[in-house]
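Going by the order they are written in, the chains are A, B, C and D; count residues from 1 in each one.
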Amino acid sequence: MKPAMSVEIGSLKLRNPVMTASGTFGYGEEFSQYVDLEKIGAFVTKGLSLKPRAGNPTPRIVETPGGMLNAIGLQNVGIDAFIQKKVPFLRSVNTPAIANFFGYTPDEYAELASRLDAIPEVAALEVNISCPNVKQGGIVFGTDPGCAASVVAACRAATQKTLIVKLSPNVTDIVEMAQACEGAGADALSVINTLTGMAIDLERRRPVLANVTGGLSGPAIKPVALRMVWQVARAVKVPVIGIGGIMSATDALEFILAGATAVQVGTASFVNPAAAQEIAEGMEQWLAERGIADISSLIGALEG
Amino acid sequence: MKPAMSVEIGSLKLRNPVMTASGTFGYGEEFSQYVDLEKIGAFVTKGLSLKPRAGNPTPRIVETPGGMLNAIGLQNVGIDAFIQKKVPFLRSVNTPAIANFFGYTPDEYAELASRLDAIPEVAALEVNISCPNVKQGGIVFGTDPGCAASVVAACRAATQKTLIVKLSPNVTDIVEMAQACEGAGADALSVINTLTGMAIDLERRRPVLANVTGGLSGPAIKPVALRMVWQVARAVKVPVIGIGGIMSATDALEFILAGATAVQVGTASFVNPAAAQEIAEGMEQWLAERGIADISSLIGALEG
Amino acid sequence: MQFKAMILDNAEVSPGYWRMRMTAPAEMLAARPGQFVMVRVNPSIDPLIRRPFGVFDVGTLQPAYTGAAPQPYLEILYRVVGKGTGMLSTLHDNDILDILGPLGTGFENGPAGEEKLIVGGGVGLAPLYLLAKELVKDSPVRLFAGGRTKDDVLCITEFERLGVECYTATEDGSLGECGLVTKVLEQRLEATANKGQIFACGPHGMLKAVAVIGAKRSVKTQVSLEGYMACGMGACLGCVCQGAEHSTENPDYRCVCTEGPVFEAAELKWEGN
Amino acid sequence: MQFKAMILDNAEVSPGYWRMRMTAPAEMLAARPGQFVMVRVNPSIDPLIRRPFGVFDVGTLQPAYTGAAPQPYLEILYRVVGKGTGMLSTLHDNDILDILGPLGTGFENGPAGEEKLIVGGGVGLAPLYLLAKELVKDSPVRLFAGGRTKDDVLCITEFERLGVECYTATEDGSLGECGLVTKVLEQRLEATANKGQIFACGPHGMLKAVAVIGAKRSVKTQVSLEGYMACGMGACLGCVCQGAEHSTENPDYRCVCTEGPVFEAAELKWEGN
């Protein structure tokens, strides 16, 4: 018996709960040689902005114990080039593409949301709110519930599509953030983005990253991510997408038990480009071996 | 030429900047077979409370990628048994012992501070403010600047000894917490305590830890710790003690460059009980090989 | 004691069970039966925490004819259950391990001449071989070895070579009695009118059954426990178990790594655990 | 392509430099000189990220007499600089690696008959051997190999066997000319009135010097760059370098892993880098 693997995130139906995380899977095409895109639930594009962005100087990446830091600086082609150069590929694939995007003012966020709303190939929107709010002195949208709510409300007004909000873990109270975003109209929450970290080159007496600090991802952050998914899933009604250090089907299923309806695979795709597909297949096999008929029965099924 | 390795934390003089972290080195005696205690700067006791505490049910510990979670629940012998059974050993060792302690109300904190103040063998006090404030509905002292300041002020009034405050990393703004504690009279800040995390046993569909969540320590958290030490050291005048995932002399020196005056070695002592001593020796050797005369010249010497 | 050990031999002795011999300092020869070592599987951070293993055997290699120096050695018997033990099984001769030990409090031998009943389940036999080696010096020793299938019943030949009388039981009946080894133990106690004392190591369920048997029949019973260990030396407080009088109000936690791993069964709380 | 490779040979060819041969699928034989592979050193998370290595050689083993099937292989030449390369050097024959490749854009051969000047510094020689193998088919090839000491000048015999004329230079004078290999390159260009084209791989300082020489003398110059790579396929944007016209206002970042690692030197920005 093949277990039922499909899940729903807002109005978006996924054939299985495994997506790839923004910034770790290019625009989908880069991985098509290694992954059968039709074996995963969805993929999320690199974060888009209104104008193309060059990103930070190098070094932008460094390995850390059980993880990596990145300070890419949100380099991306911008919404126009995205439409011209990347959307045609999205059209050719029978898998939903989710556009991740960010701005520096609520207005920019709203404008992007409405432009993405108009692209039929974009199945859903994921708002990255881990960006500095240039209007409010650079405080990060994603660390203040009020700022976050204003961004989400602005996007909500601009799109009918499923609106996913991606939360930053660099906060005292992730539940408060989650509730603010849910209240402002988010259809789903992605938990978590990267933890802010730093690496130092001792001999050169300098930060390794040109940007000094960067975002920590990979297996190292899994316990923190799992805890936050568990906290958020118990506190909101909208579906939660679990992200952070997922390397295997077991990891992914742990997030589902903690309350995630779907998961995103990030750094793992660098370590093993076939990771997302292997995880989706591994999850299905795990259910089949145990005679579990439907993945939905595992969502939030943690006991104790 | 032997480099000068001594540093000062408040009125406490350390022969070198390497201490062991609370809860990872027992009361010192446990490790005396593996470490020459006179080769390290200081050691910090397991967190003490007024009454003995039994701690949490098991499992209390689980390995995670590049780290471990613990939910010991602050099991400790209590201040009376500490004085009776553990202090005699402290007296026999020519290395400063720092008493780590915690309470559930500011009054409890103050009472402990004054009792520890009276023990000559206790060289300095380290306040753990990562505990729920029972009076204020369980919000953790260490995540609210006002609560933290009240605890620190209460302790400050109760002791003349060097008062170190150990900060929780589970906050949006560690700098704000650091400044609140400095303002309330802290002589030094220990950065960081553990990140809150969780692990799940998939087959049993239960949290691995009986306590559900636990504190993440070990190499996995090093990038976050280094970032926070760097942020705090730039924002306060008091010395900072760097903690988090330090496994080697290189790691320790990175924290010093980031602005730490001293470091604490935690989880590493489990992996290698001689870690603290080997790190202290390795740091000295590193300086000697490069002709650096004084470790002090490296404190906060990060360029760029 | 912390030392570097060079692997002398690492072989699968039964499907999934491996026996590893490694060099050790002469001090290791003083290890007491029931003590354990903490093994750092490799110098990387994966796995990070050491893994605990009972001392299966210690001894000294006497190289014949070559004139080489005698070499004290340590043996562990381990079951591949996860990452750390999986990696151990891929190590080659001459690879180096970092070892801490001997740690913990081992078995008390008990009076000479008295019958000694050793009960082991699966890899729980590991610390019992050194015990048997010592007990046979002055007492009649019987081994009750159980497992799920015959593959889980280990090293019987070695015990027999010591002069131990061996009883085996498997849940699937593929070796010895069909069923639990505790049944065979009870039969022996029945036959001898509860003479002797019991030494047990194995899965928690088996230890609990043995504890109940010991209590019911007033036979002194020592059990070797497991606990999730980070340090092995009483510092992390991760490994604790509950004393007999433990309650939420009057907690009584014992360190498995220092006060144990061997405890008198009567000291411990068994209900609900 | 992602594949599992079995190590056939792993040997230190000069102090600190290792050459590893491993099995590969037949598709690997189509690797272009200058392309690279991403190696997962082991299945654990330490190290986590794959490590990039140039394709040193590919070929097919023809087992003599045994009747065994021909075995395509891949070779890399690596220098032990840290954790990942350190672990690689401890691997044994028959150990398994997970490989991604061939990746990136390699060298363009240039017109037949024209003189080809290959410049390599230290382990920078790695991707140049396969290049030389291809270039010698239709062109005269000269190699300029530099290093700090003679230990850093690798595999000259192999290049000579291809019929490449080799020039060497070391900073300490322990082999060949004393000084930088770029000096020897300039002498050759001087002698031939700037004929031919340049292919270079090595430390950034050397590449910069070669780029300057190429520009000054209007000699077409291709360089193979390094960059910190997490994915090797254009997704992480970690590895980028700056195009010639790059500025903070008009940024022009290129992906070393897909647009490179081989670039025309003139396309890139060299000042201040």
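The rule is short, and it goes like this: a residue touches a chain if its C-beta (ideal position, glycine included) is under 8 Å from a C-beta of that chain, and two chains touch if they have at least 3 such contacts.
Because the structure is a prediction, the values reported are computed rather than measured.
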| item | value |
| --- | --- |
| Most remote chain, CA-based centroid, reference being chain B | D |
| Chain centre separation in whole Å, for chain B relative to chain A (CA means) | 34 |
| Mean-CA-position distance for chain C and chain A (Å) | 47 |
| Centroid distance [mean C-alpha coordinates] between chain C and chain B, Å | 36 |
| Chain centre separation in whole Å, for chain D relative to chain C (CA means) | 54 |
| Multi-partner residues of chain C (at least 2 other chains) | 45-46 |
| For chain A, residues that touch 2 or more chains besides their own | 65-67, 218-219, 247 |
| Graph class of chain-chain contacts, one of line, ring, star, complete, other | complete |
| Partner chain C, residues of chain A touching it in the complex | 65-66 |
| Of all residues in chain B, those that touch chain A in their complex | 64-67, 69, 143, 170-173, 195-200, 202, 204-207, 212-214, 216, 218-224, 226-227, 230, 245, 247, 250, 253-254, 257-258, 301-304 |
| Touching residues (chain side chain C, partner chain D) in the complex | 44-46, 83, 87, 92 |
| In the complex with chain D, residue positions of chain A that touch it | 23-26, 30-31, 33-34, 46, 54-55, 58-63, 65-68, 70, 72, 75, 218-219, 247, 267, 269-274 |
| Complex contacts: residues of chain D adjacent to chain A | 1-2, 40, 45-50, 98, 100, 227-231, 233-241, 251-253 |
